[in-house]
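Naming follows writing order (A, B, C and D), and every chain is counted from residue 1.
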Amino acid sequence: MRGAVERTAGAGGVAGKVMPMREAVAAFVHDGDTVSLEGFTHLIPTAAGHEIIRQGRRDLTVVRMTADIVVDQMLAAGCVTRLVSSFVGNSSAGSLGELRRRIEHADPEPLAFEEYSHYGMVCRYVAGAQRLPFHPLRSYAGSDLPSVNPGIRKVTSPYPAADGSTEEIYVVPPVHPDVTFIHAQRADRRGNTQIWGLTGVQAEAVYAARKAVVVVEELVADEVIRADPNRTLVPAHAVDAVVLCPRGAHPSFAQGYYDRDNAFYRAWSAISKDPVRLRGWLEEWVYGTADHAAYVAKLGEEFWAGLAVGEAPSGPVDYGRRL
Amino acid sequence: MRGAVERTAGAGGVAGKVMPMREAVAAFVHDGDTVSLEGFTHLIPTAAGHEIIRQGRRDLTVVRMTADIVVDQMLAAGCVTRLVSSFVGNSSAGSLGELRRRIEHADPEPLAFEEYSHYGMVCRYVAGAQRLPFHPLRSYAGSDLPSVNPGIRKVTSPYPAADGSTEEIYVVPPVHPDVTFIHAQRADRRGNTQIWGLTGVQAEAVYAARKAVVVVEELVADEVIRADPNRTLVPAHAVDAVVLCPRGAHPSFAQGYYDRDNAFYRAWSAISKDPVRLRGWLEEWVYGTADHAAYVAKLGEEFWAGLAVGEAPSGPVDYGRRL
Amino acid sequence: MSGDPTGSTRPVTSSELLSVVAARELAGRRTVFAGIGLPTLATELARLTVAPGLEVVYESGVCGAHPSHLPETIADAVLITGAEAVVSMATLFGSVLQGGHIDVGFLGAAQIDRWGNLNTSVIGEWESPSVRLPGSGGAVEVMANAREVFVVMRRHTPRSFADVLDFCTTPGPDRALADGIRPLGAGVTRVITELGVLARAGAGDELRLVAVHPGVSVEQVRAATGWELKTADRLATTDPPTSAELRLLRDDVDPNRVYLR
Amino acid sequence: MSGDPTGSTRPVTSSELLSVVAARELAGRRTVFAGIGLPTLATELARLTVAPGLEVVYESGVCGAHPSHLPETIADAVLITGAEAVVSMATLFGSVLQGGHIDVGFLGAAQIDRWGNLNTSVIGEWESPSVRLPGSGGAVEVMANAREVFVVMRRHTPRSFADVLDFCTTPGPDRALADGIRPLGAGVTRVITELGVLARAGAGDELRLVAVHPGVSVEQVRAATGWELKTADRLATTDPPTSAELRLLRDDVDPNRVYLR
């Protein structure tokens, strides 16, 4: 059972929270760990996944609702022996070649797979965040999923249903990742993290974890965060490390910063279908780049210009001040 | 069991959502109903409570986490026979005279009281919003509350605890108010509602209810809402009526609009201690005002100037647009 | 409308037909949970025709989108900018979907059976499948909680319209009842394919052929279905898309023919 | 520091003493869940002295407040403007508190017993009380989930330090265990009163007198306590507030003496 005591944060720990990705992965990801990477299509922490590959972590359990390109890459790099997920596909753009080889042919090795639905995963994170022994949900009745996933169980409600009958409901267990990585638009040096656009399950995934690393497009002054406290999705007390890593969500997008690289999503189906080509891609783009800044530079400014977005400011609200 | 079909909203219903408070209370509050009024210290829907008093509703079950001044007033007006709450006091400013007379002396009549804790109430709203038969929480173990509240029950977790033992946890049942009233800073004519500052349990209370009325300081153009979709706490599909009622949260406050009337909170303890004085207050300020606009006017502009706040703009974020 | 310059006299494609038929089924509905592709076309056309106030909710958490461009994914940035609300997954699945606010959910599947149960997990055995499919996503939740579900299948084959599913990812209400749990919605009520429309009323009822598209025979549909497909007492022939429907679809909804393949 | 112009040589009030003692107990703590009044003074003083990085979380949902004025309620508008985060009640109670992020919670009570169980519901029988009190608020949750709980009681009387509670609103870990549920925190570990400091280590331990304030005798405290109060082996006398502590409290924390009554 996790507790606040495990956090790095707090008195004296503030300055120490900001660190390079290399240091964050070295400090918070160990062989055999359960690692959550969250971001639903938006703000996928790709750069974190790449650094885990570079550092050669092994035997990881990866928890991710939509296991997509970054998971396929981590699988191909041999980091992952177990996957907990509710969608294993390349978005709507096709297949994950490595994942399919692992599951369909145990090639090059088997992959243990815990299959849930999206809300099942959300409820596992919520239960983890809230230290609940289980979370009920109105899914799975009649599904074959409980027959292949012993984690999905039933509870009898202690309250009668409207018609007086006894009511059963499925439940899922909490998940407590050793570490959760999320990507966000901005945070302050203490880890107060602001996200806009799709917010997914990021806050719950952070609160469910024993340690949490927030990767951001921008590290901003305290005043920027404090001007809009309702925008803070993850408060500092839940964050152990802040990593500044612009464009770290590519090929996914960061609302207001850069658009999704749909061409790469489409290309991945072909790249990943051929294990030699996939490993060549990893050599060139992950092992062959020292860090994400090198990956960004290798893509080139012309490429990034193609993903640039125009401005659409939200307009302010007034928090008021005592006169 | 509530369903989307009960909503007024949707095709053709948009124009009909904006209505005066009188019409909203007449349409959505009936004798014997369960009525939720939410807003945790901030944005308390006082004007809605006053209109319920004016229209003489009877036999209501009121659901409100912090039963404070507006509940004491509704009790004194004879509207309420049952209260579901987790805090029955005049904030930190003293007692609720009518509530204490009702509970301590059944004077002038008894009050049925379902006592919970704050998180128990939050979980009841969450379970209501999510159509769950119950919601677990790590509260109540060893408390006398379950002995006086049969709604608080226990469930055995189907997962073993860390030490292999069987784990029990308390649960609370869902609440499904016939109608929920909340107060908010602004909404559009469809009911998309934006709240900042303390957001309390408003979204869950709206989703838990069969009907929902949003009372706002400002009715704004669609473009204002759409410039910042993350600020929308309650989407239009959950809202049945939008009531424009500036300063409708007095004596509580609306962040960025007006401050809390602390003097009135302090005064209420003395007013409510004397049943004659309390009924005199109702005569003058509720029955004696045609509507909340009249109440606001009676307080006078000089009074409102005393609660005025200065500006503290949030600063915008950039949502971006495709080039 | 002769001499229409937008080409509404061009032959109707299968995608166009499916979009128009699905759009008509949305008449009077208020909220729809839609994926990208044909459901996008159907809901956008419905908003312009039979369901003007229709609110589209996306699995990504977007409610009331007003996109500047046709979205390429359910999380496309253009769906967020200018939307009425964006909510977290917990709110989307918990309060909006499980809370009972969705009238119609659109789902797809690799396999569907006569009761409207769906398989999106595997072809073959789950433990060692011949094809690993993406899995549920939110499909289990859409089926369990939406008042009804529409399925749009471009291809109508005995393999996809299966007598017995390889795996039931997403159960309809009959399987839920057999599991001892009362379902909240009717499950799949409409299946719209390249050949016609199948329908069922809810728990206890099986999918029946209620309409064939122009030029399609009942025997064709039965041959393409993996179970003994029953036919409604009054079998209809789909009304072809009107020129107005086609013009809206081609000129306003998808002028670049992103999904109108 | 003789001739201090801010008046730190003025007599120390009971409020000042309680605030200073409570502040010292917060040494090294990172997160505190505090109400308004003496806890506000204690936490603000601790931030200026023994716990510089201390984050105060309010029941209203405010994390990391930087108020322009001393707040008058836990929901005061000045706590929100300039705060680091504001979260919903569901997140506050679910993820922050039940999630295990609070080191110390401050609670008050009408009655406390030797095990640190609290009554804030009724004096008399619950069904027909002689005094109806406000009830739990979030106290049940603070006790169940904070790592430890501090109680500050201005008045130390046999009625409030009760042998048997009229009603147990907020149970400590011993009652939780008796109910078959493993508690997550230690319950009440410090009770700071006008007379001295009581302490207990956690489940199985009862409150003992560990310090008396200057000029207070053990017998005075025992007489003011409704149960047979045990005394620690090494009973201390509270160190009086230093001039530095008093100066910070009087000049910086509460210059208008809102809570320093």
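Remarks
By definition in this document, a contact is a pair of C-beta atoms (placed from the backbone, for glycine too) under 8 Å apart; a residue touches a chain by one contact, two chains touch by 3 or more.
Computed from a prediction, not measured in an experiment: that's the story for all the values here.
Contact with chain A and chain B alike is made by C, D. Just to note, of B-D and A-D, the chains joined by more C-beta pairs in contact are B-D. Chain centres here are Cα means. That of chain A falls 29 Å from that of chain C. Averaging C-alpha coordinates per chain places the centre of chain A 38 Å away from that of chain D.
Chain C and chain D have Cα centroids lying 58 Å from one another.
Chain B has residues 1, 126, 131-132, 137-138, 161, 167, 169, 197, 199, 203-204, 227, 230, 255, 259, 309, 312, 319-322 in contact with two or more other chains. In chain C, the residues that reach two or more other chains under the touch definition are 62, 77, 80-82, 86-87, 94, 98, 145, 184. Arrangement of the chains shown, judged by which pairs touch: an irregular graph that fits none of the line, ring, star or complete shapes. Contact between chains, per the stated criterion, is found for A-B, A-C, A-D, B-C, B-D. If you check the complex, the residues on chain D that touch chain B are 35-37, 59-62, 72-77, 80-82, 86-90, 93-94, 97-98, 117, 121, 126-141, 144-145, 167-172, 174-184.
Taken in their complex, chain B has these residues touching chain A: 1, 131-138, 153-159, 161-162, 167, 169, 171, 173, 185, 194, 196-197, 199, 224, 227-228, 230-231, 255-257, 259, 308-323.
On chain B, the positions that touch chain D within their shared complex are 40-42, 65-66, 85-89, 91-92, 99-100, 103-104, 106, 115-120, 122, 126, 137-145, 148, 161, 167-170, 197-201, 203-204, 253, 255, 259-260, 262, 309, 312.
On the side of chain A, the complex with chain D involves touching residues 1-5, 7, 9-14, 126, 129-132, 188, 190, 192, 203-204, 207, 222, 225-227, 229-230, 232, 234-238, 319-322.
Per the touch definition, chain D reaches chain A in the complex via residues 28-31, 51-55, 57, 62-64, 66, 68-69, 77-78, 80-87, 91, 94-96, 98-103, 145, 147, 184.
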